[in-house]
């Protein structure tokens, strides 16, 4: 296949830098324009020294002119900024948005959590999401020209629990999720509560009680899986690690389902997936094991005493949780093998 | 008051060392015998260099003879070892057991999780636990000669959720708890999955699906608070920090209760407590803020959308979670002011 | 003794909060005014939630009027701000400056590193510093009305190496020091390179090649010990931990000195010190062991092959490295037992 | 090029697992036998869950029979075990030893630090090492059938300082090195002082005073660079991070050399190297920036006041520090482009 060119808008953030890392290792992609807003004019080396081969590249200003002419444009911008850029990029350009702008189908859900106008809904970049009708998320991504990359928490939670909801072994009405995220999930802006001395050695929740913006996206995915509305209590917590999400999701078990039925549902959903690995019984996911990779490690059990299915997923919030999903979606959009150029082994220990 | 002497059995473990730290700062206590099993003959400095003033003390063998003659004996032994020692210590000795042996009231719950004979039930060392009849846990501790110190997870979970159950604003039948613990909670035995390279940068669950031994103790406490049986889905996780527990506990809100009713319940329970601090609205607990202190930081909110009360508590698993609770119980047993000698300020950042 | 009142100026920084923690545990001190600059008007709980008993206290504006009338005033201000405040506080007030303003004796050393006028020199708050004439630093502190608290790095480096220089077993002309500090040493200002995701999992040097402001203070102390000029290559590094300094200091061994002579020098210097603990041979300091305490752990050996003495010290940068030294100096100034109210046991693990 | 097969002996250790990660991404290599000693019979997933695609592979016993027949055999064994295996593998097999057995040229240096017989000396796998005669380490590796992979500390220290010694701008007689290593450098054996609660939040030195086995290897490399004997004071420290080495190396500056001469020496040595990156002036290496990559980040400055050149290098101890160097050496041995299959971008933040 002929090399394609890819631009990254928002290259000075964590998602942008991770996109560059992955694209640099992709055999069919040539990295084109790298753009930023406040950091335009800086070198990549100033901002993201880990990108050694790009150290001397200067970040351009994020404008449609700079981004035009690439085969693929990745947007890693603050929410509300993607529509204006996307509108200027024609249908011959594949646009993959890592922000929230095009993820939600329900305008009212958008307006409850965001202060910018509803932009619309694009195909959703979660290829492994099982739905109630037996299809998976990748159906809508093949040949797509526009993709909305999922949020990192929704990726972990949805992949943890969707198989059981789709198979009817657990119920969507009273799902409880507690998830821990490494601090890169909060971005690279300098905020007092995020400095190292504050976060090392400490766990804390935030956005509790339904206040986190990812809640409607999680419910949207779980409803798709269940075939009916989902209601989720979601508590995100900040963990003392740079990367990684561990999502613990529980749902009431459906009447009459046993451990075998539960395990079968997850096994059917994931046995053939290249990036979702259902661990052998007795082993539980660990975020460190998927560091820097596009893998999701999943495990599930039935707590018969409590009447709940407990499913746990570990992802790297920047790789499978953002940039890896973006590249995976790009592969589907371009008709490439879905796993092209994506790391499948974590950097552990 | 005249000085009392206190011995620590199991002084080479983390709980034992923390007991020594607290007792050394207690104005009415003189530290007596320090004993160990495999580490007998080592100096304190070899095992726990942080205990500088005790560096040259040699650890004795744990025997009733060595422990006899003290006013107070703290047991920080592996489960199943306390009964034999306690039997040899008369009623003139206050015995405070940091192990699990005497916590449970229900023998069948014990035998489901432990392979040693059921030892009995001692007064339970959680002074702030609100119960359905309007009393608190400290009632049974005043003048007690035997105390069972709570487990670290049950302390955090019970203090997080009991006020709402006791006040009837939430329900005990479908409680979901996910808690993160620092790795000192797993003890100081050298195990491959606990070495630094494995745990730093990684979150992972364990004992999922009701398999953790602390589950019946949590249910026992929550049932006491609610006045009826509690059913808990409990998922503990290992977090990359040395100390601290963050427990996120959710329960279905009772019909007709609003945010105000919820907040009032917690406020009534804790406004006068010296060691439980209900944070101002909008601020959430952070384990780092209670490091090395006997404080519990608690916050609660109502997620009306999900129909759940979400309560969060942060404790230091070794201080309020173990050794601090032991000293606080000792104070009550001896008739001292309950907060004597206990640190109330965390070592942060 | 009658209670004395102490004010803390700069209470919203890390040093200020640690001062409050220590003063709250001091039997002879009542905490008075707590002041801040940009954070004036906030509560202590907003800024430093670990100070639970002070959670509702509102921070005053830092002015001489607010600080006047206390027996002791602690200044924890950015450099260059102490002189103006101190000038307004009479000699009946003990003023203890945690900043750099009054540490240096040599005006030219000051002006090489700071852009504000040289303020003068106050008695130096390092009681254990051995000097070439056989005295120790505490001589100048008894009854002092003004004290300059040492920098955290100079504390660690000077206590590590001074005994050998004072005893003549090693030489001050080519000292090499590499020290690692927890990130609280950089303060609590929100800077991009200090956010958790940047510092966790990473070590990095800064201020290399003599560029760090602590270099002249280190050389001043080592020269005092040696009785002649010292020349130091100092490289500080940022380590992925909230607190703690580990200083590794090497100096050329003096002609004819053996391991015994080296050990004797350190032993003589520290055997009677309450806060400096020379570890038994074969054990090396670990920052975690002094966390939250006023202890310094020190070890030394002779590398005969390399011709260098290697001395290592571990301190908590905020406790013995700043606030603990301030309180220890205050005790000396007030004629109290030097160790009053100071924690001697680290919060480990 | 035709695919080659590679076996890994010692696949259950950290170095072995990292070799598998890199070899799995190498376009010309097929991963063959994976062997272990105590862990033989376990699956890769049991031991190293990050190696998802190999999760079901069972580890064979480490025997010459199992290893025979591969084009390349990597040995990642405890010291003293390589000779017996290597002797059974013919010259048609490329054998790359990640252990210490074949690194040293001086038998007496070996016997001072190791209790097994001296095995001999193999070509040394540090391609970028500049030597006094103007050649680099890679000369001896092209077409080699046996390679001794350097120790992780010697890699970092030698690459930091060799350019200045080779150019004569600094002197080898009184080199002082302090290096910090992530705890994976201590291996994955369960030892009490390495468990997470002990190492998180703590820095500590070990092997001080010339006691670390890597000292003669460092001196050997620096002597090769300088063209005369080197004398090194080496202090390794354990840092609270899983991976990474930060080595700070200082050497006395040669008479008459200025900053420009220093910088030129390093620039000449590394400007064309694919895996050693001399950072722009003012930026210093950070271990996190090379995580999981084969990069070395280097910086140097002249401290004219102290009369010392200060050079700092950051490497990932498992990648460029071990497994990456092994694969790089294999590439040279096989006549492949030296950088084939090696990651050049770090997984940061």
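We just call them A, B, C and D in the order they show up, numbering each chain from 1.
Here is the rule we use: a residue touches a chain if its C-beta (ideal position, glycine included) is under 8 Å from a C-beta of that chain, and two chains touch if they have at least 3 such contacts.
All figures in this text were calculated on a predicted structure; none of them were measured in a lab.
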A-C or C-D - the one linked by more C-beta pairs in contact: C-D
Which chain has its C-alpha centre farthest away from the C-alpha centre of subunit D? B
Whole-Å distance, subunit C centre to subunit D centre, using C-alpha means? 37
Distance-wise, how many Å sit between the C-alpha centres of subunit A and subunit C, to the nearest whole number? 45
Subunit B residues counted as touching two or more neighbouring chains: 14, 182, 184, 188, 197-198, 200-201, 240-243, 286, 288-289, 291, 348-349
Show me the residue ranges of subunit B that touch subunit A in the complex, using the header's touch definition. 174, 176, 178, 180, 182, 197-198, 200-206, 208-210, 215, 231-235, 237, 239-244, 246, 248, 250, 252, 284-289, 291, 299, 301-308, 310, 312, 314, 348-349
Along subunit A, where are the residues that touch subunit D in the complex? 14, 17, 20-21, 24-25, 45-46, 48-53, 55, 184, 188, 200-201, 242-243, 277, 279-280, 283, 286, 288-293, 295, 297, 343-349
In the complex, subunit B touches subunit D at residues 14, 182-184, 186, 188-192, 194-201, 240-243
